[in-house]
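There are two complexes below, and they share chain A, which is joined by chain B in the first and by chain C in the second.
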Partner chain A sequence: MSIRATITTQFEQVAVEQERTLASLADDLKLIDCGLDSLSFAIIVARLEDALGVDPFSSDQAVDFPVTFGDFVRLYERFAK
Partner chain B sequence: MPSKPRSLWESITAAGTRAGRLYGAGATVNLADLSRASSFGGRLQELRGRSVLLGVKDPLRASLAMLELDGVAARMVLCPADLAAAHLTAVARNAAADACVGDAGGAATTLDSLRVRVDVDPQLSVPQGPRVTSHATEWVLLTSGTTGIPKLVQHDLTTLTDALTDARPVSEPIVWGTFYDIRRYGGLQIFLRAVHSGSLVPADPGEAVPVFLARARAAGVTHISGTPSHWRKVLMSGAASMIAPSYVRLSGEIADQAVLDALRAAYPQAIVAHAFASTEAGVAFEVRDGLAGFPSSFIDAPGARVRLTVAGDTLHVRSGGNAHGYLGADAASFARGSDGAVDTGDLVEERAGRYHFLGRQGGIINVGGLKVYPEEIEAVINSHPWVRMSLVRAKRNPITGAVVIADVVLADEAPGATRPAAERLSRELIQSCRQSLAPYKVPATIRVVPGLEVSASGKLVRPNA
Partner chain C sequence: MRSVIVTGGSRGLGLSIGTRLAAGGLRVIAIARRETPEFSTAAAAVREAGRGALHFRAFDLGETRGIAALVSSLHKEFRPLYGLVNNAGIGTSGVLAIMPDEQIERLIGINVTAPLVLSKYVVRHMMSEHAGRVVNISSIVASTGYHGLSAYSATKAALIGFTRSLAREVGPLGITVNAVAPGFADTEMTAELGEGERDKIMRRSALRRLVGPEDVAGAVEFLLSDQAKNITGTTLTVDAGNTA
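Now for the complex of A and B:
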């Protein structure tokens, strides 16, 4: 599964678990508008670390906090390589 | 000090022909034989009036040394089998130890600074004259924190036996088995009960569950105690049916409903009791109704021998079983309230006429500013039929500071019971947590692991605990 597909699956699964309505995941969708709360994001980051083996946010390198869904995917694509 | 010291030896003498046996892994000793011979090879008198470090590995040797030293030594410091060698020197210094008792493999063999060094041998030798009680021995137990130098908790025979009733059984002999290290408070309580009213089969450090249960069966074990983690190991070993005790006791960790129910099913003939005790507070109570937690009527009960209160959400205990304090430099940190009660640091919450333990004050996980008690989540996970034990811990998280994650150990497959795939079970567990817990308490991930580390004191090893 591609990194993008893995991330998309996690967003969808966590939205179902947290009983939240997820917006359509386009690259220009602002994360703040996607329908998930901060606990949902916390869970997604924890699960992606298990699935992809990286947590870009706790790396030594400075990261720009992603604003859009596209930013989020590119951040993981950069670190998972 | 009391003017009339009484000693363990006087207790054995009082038992007369009913005095029991100590069943070690390599030898068995009749307690009555100690009236004629000694495990110290004629050197007991050298230890009279001294501050003695008991650094013995073998539980049988430790039992013999405690029996012979009480009333003889001025102070006896009980070093558990797993005491880190790095802490031994500090413990000896804080206790002003001037003698040590050891055996091959015991911690004391590494100390050469002490003047008197005596070995203890279960092959009793050298005729022993009448035993003279000259001291009200101070018993010093070590706290079991996983980090830092252990604190030295001061007791004596009076505080340690506060929860024991004097009545000896007249019918069946009692044979106690314990998974605990008898040098720690929980195990020492069982040792003292056994000496007062029967025999003892202590588990050896690192002894496999089926091996110990075979020894316990051979000795005719009737009463047996351990932590919930010990008991989960028994239930996982497939060897639980090797014994048929009439009394099963849990203490030292929170007994959740799942482990109580599993023990009731495994030992339908037994009383399954869970007790609360701590090295500092002593024995607080025992619950025999098979339900997790304890009745609210225990709190502020008028006229109770053990006075229980809840203050600042933690359980406080005041009784004759309270320790006197910490020895040495830690003295000021002993958590005693203005009413003299000992603060256990164990958080409790009342729900529907019953108090439930939430966890340790220091074990709280903070998820986005909300408090999570790992034990509360573990109790939910452990109620799943395929789960044997679980550990909930914090995982650092860039968004909420931390999230909770869980490691679970599953039960073995049995004929006719096929275990679902790990991935499906993880989803099921998350689902059942969502049904009974607030969203921030639901583990972000649940991982199936082959085993979880249980410390030598029988407790689940918690990171940062």
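Now for the complex of A and C:
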């Protein structure tokens, strides 16, 4: 499964578990408008660490939380290399 | 087998907690700077008993930048991480007016920053499992005063505030967060109290005695058990009635 597909699956799964309505995951979708709360993002980051073996937010490099879904995917693609 | 991390688990109260939890069938990972002969003896006894497990990982919690990698490796080896007991702490005492700034910073680093950062990374894994228990070892001096312990008391009070807010944050995910506030326990940390001081504490306690590490370990075991599933954001005081 590609990194993008893994991330999309996690967004969808966590939205169901947390009973949130997820917006359509286009690259220009602002994460703040995607329907998930900060707790949901914490779960997604933890699960992506399991699935992809990386956690960009605990690296030594300073990383700002991405603004759009496309930024989020690209961040993981960069770290997973 | 459920895995539980116990910081400062190589001696004193941490070792008592780890030994008790292992005897109850949990897989305990004790974290401390170095393994002690007492820990090796206890781990051998647990192996002999054939119930639970007592592992050791050397790590200096003053090195907060290494905590993410530590948790990642513990998760790979011992997943799922069910419990975290933030027990490690230093008990530096001294009158604030002459306490070196470095000592104050070190107290806050080991007693506050380290448990917060460790909790951050461990709780993430608990979140994805929708289960977990965090127990922070505070102290009665978080709510009562004691001469010469102002900096230490500040760190222990910080853990109470941390406990309550984190409990709110992760409660919806089935994770509980509680604190245990021991009174003056009969441990190495209180060994520097003179006989007179110890007698005074005993006389002030409703039960006329000091608490032992086993009393505190029992409280931690309870908070990690299924019986405590509906207890979160609270502080369990174990002080032989010193603050009653």
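Quick note on the criterion: the second predicted complex is superposed on the first by the 81 of 81 C-alpha atoms of A that agree within 3 Å, B and C clash if a C-alpha of one lies under 4 Å from a C-alpha of the other, contacts with A are read in each partner's own complex, and residues count from 1 in each chain.
The criterion applied here is as follows: a residue touches a chain if its C-beta (ideal position, glycine included) is under 8 Å from a C-beta of that chain, and two chains touch if they have at least 3 such contacts.
Since we're looking at a predicted model, the values are computed, not measured.
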So, A:Phe41: does it touch chain B (first), chain C (second), both, or neither?
first
Determine, under the contact definition given at the top, whether A:Asp50 touches first (chain B), second (chain C), both, or neither.
both
For A:Ser58, decide between first (touching chain B), second (touching chain C), both and neither.
both
Check whether A:Ala26 is in contact with chain B, with chain C, with both or with neither, and answer first, second, both or neither.
neither
A:Val16 in the overlay: touching chain B, chain C, both, or neither? Say first, second, both or neither.
neither
Common interface positions of chain A, toward chain B and toward chain C:
17, 39, 42-43, 45-47, 50, 55, 58
Chain B - residues contacting chain A, complex:
367-368, 395-400, 403, 405, 430, 434, 439-440, 442, 444-445, 447
Going by the contact rule set out above, which residues of chain A touch chain B in the complex?
17-18, 38-39, 41-43, 45-47, 50, 55, 57-58
In the complex of these two chains, what residues of chain C are touching chain A?
65, 68, 72, 121, 124-125, 127-128, 130, 169-170, 172-173
Could you please specify the touching residues of chain A with respect to chain C in the complex?
17, 39, 42-43, 45-47, 49-50, 55, 58, 60
